[in-house]
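Order as written gives the chain letters A, B, C and D; numbering starts at 1 within each chain.
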Amino acid sequence: MKSYQYQHRVQYYETDQMGIVHHSNYIKWFESARNEYLRKQGISCQELEELGVLLPVIDVNCSYRQRTYYDDLVLIKVFIKELRRVTITFAYEIKKGEELLVAGSTKQSFVNKDFKPFSLQREKPQIWKMISNE
Amino acid sequence: MKSYQYQHRVQYYETDQMGIVHHSNYIKWFESARNEYLRKQGISCQELEELGVLLPVIDVNCSYRQRTYYDDLVLIKVFIKELRRVTITFAYEIKKGEELLVAGSTKQSFVNKDFKPFSLQREKPQIWKMISNE
Amino acid sequence: MKSYQYQHRVQYYETDQMGIVHHSNYIKWFESARNEYLRKQGISCQELEELGVLLPVIDVNCSYRQRTYYDDLVLIKVFIKELRRVTITFAYEIKKGEELLVAGSTKQSFVNKDFKPFSLQREKPQIWKMISNE
Amino acid sequence: MKSYQYQHRVQYYETDQMGIVHHSNYIKWFESARNEYLRKQGISCQELEELGVLLPVIDVNCSYRQRTYYDDLVLIKVFIKELRRVTITFAYEIKKGEELLVAGSTKQSFVNKDFKPFSLQREKPQIWKMISNE
């Protein structure tokens, strides 16, 4: 699977007094999309944590091109931009129909329950392959 | 200490497209106020958890009388309405100046890390006294 | 339509450090469910606002019986408990499989853009009928 | 005023099941800090909106270096990185004591109530000066 499209209906509680979606919510939608992507790859974020693999976010970039409104039905396209031994970077494109609303990326590191980074490729090669889609 | 007043400045991200504070946020302010109350009583929520005492919410009631707006400076008054062996109920009054905006209550149970309820009064009498303000 | 079942996958950002869903989120799920219910009845919350009908929440009750966890797939059943001329009360039952996790209700008033309450039944009888499912 | 330090006590509802602050919250703290900065400069975000100046965010960058925990008392330092005619970029450093936890920036455009960008410097020079601290 090269990419995954996560559908989201904009909720009332995600709007602000400008009448648009508050910008912090897109960061949450990124999370929803990438976690669903992982599940489709065969391993959920919950299973990863049970196997001792946490994925804290270490970097977020988000560029807002068009506003999103309550009740909009948007698609969040997610794909792996870079998979390294100790980090993974996802990229995102949020669209309404053909229109690109938001583009962004997140970088996460593979850490154990004590938040020590480790090489997922070396220590859990099967999971690494599953995620990398090799 | 019979009650505690927690001050909060309404944030932009707490508004919705009606131009008022979204109703779910008051539930969060209740939490901020009661946790600060506990700290003033001598034991923070964090210390309670380290001692094996979790306080999941089992009941929420909230009555919205007046709207709250971005930038409003509100006071959340919190006090213990009922302290039983295994549960604690806090009541809240949110005011802007003299005007009552919101009134509510929350009930929490004392549970251990496996979410088993227990008598705080019997098993941790010192904490129970500290909270009860006896 | 007597009731509507809204499905929700618990998101990572909805959890707290107790490892369970933070109690404030259920209030948001109530909103998602009732707004979808209204849409299925033929009028979305967005259309209502465009017609000058706002629905601010004036009362929330929520009773938490079981914890909900990240990745859980829950159903929020929503139905109208009481429809009066100027207020509407929805009731909710959140279930995972057969297990009842949370029960609650919300009361909203019909107000215009200046937040003045009015009788929806008298002033907009068609919408009132549409919502009431008569 | 070259910069402003906004103090924030980490709330329970800001944590996630990793036991740390969920990364989306820092974006909200950025907002709290910059809005307070503007108020200290003499013009609140609310007053700006009443004068027809909206400030939607068009870009966010955030780099997470250290985790933040419930109950932590953090300082969000905010300053203007770049002020152009139609956009403003704020930079942020979040610290706990001397330790840098998070660094980031946000870019906003000056738009009117129809979300049309305009030159704040030309159309509202007094506000522009007030913000720019010239």
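Assorted remarks:
Keep this in mind: a residue touches a chain if its C-beta (ideal position, glycine included) is under 8 Å from a C-beta of that chain, and two chains touch if they have at least 3 such contacts.
All of these numbers come straight from a predicted model, not from anything done at the bench.
For the interfaces A-D and C-D, the C-beta contact count is higher for A-D.
Ranked by separation of Cα centres from subunit C, the top chain is D. Taking each chain's centre as the mean of its C-alpha atoms, subunit A lies 24 Å from subunit D. Averaged Cα coordinates give subunit A a centre that lies 28 Å from the centre of subunit C. The mean-CA centres of subunit C and subunit D are about 33 angstrom from one another, to the nearest whole unit. Those residues of subunit D in touch with two or more other chains are numbered 12-13, 17-18, 20, 24, 28, 31, 70. On subunit C, the positions that touch subunit A within their shared complex are 11-13, 28, 31-32, 35, 44-46, 70-71.
The touching residues of subunit D, when paired with subunit C in their complex, are 12-13, 15-20, 22, 24, 70.
In the complex of the two chains, the subunit D residues touching subunit A come out as 17-18, 20, 23-25, 27-28, 31, 49, 54, 56-65, 67, 115.
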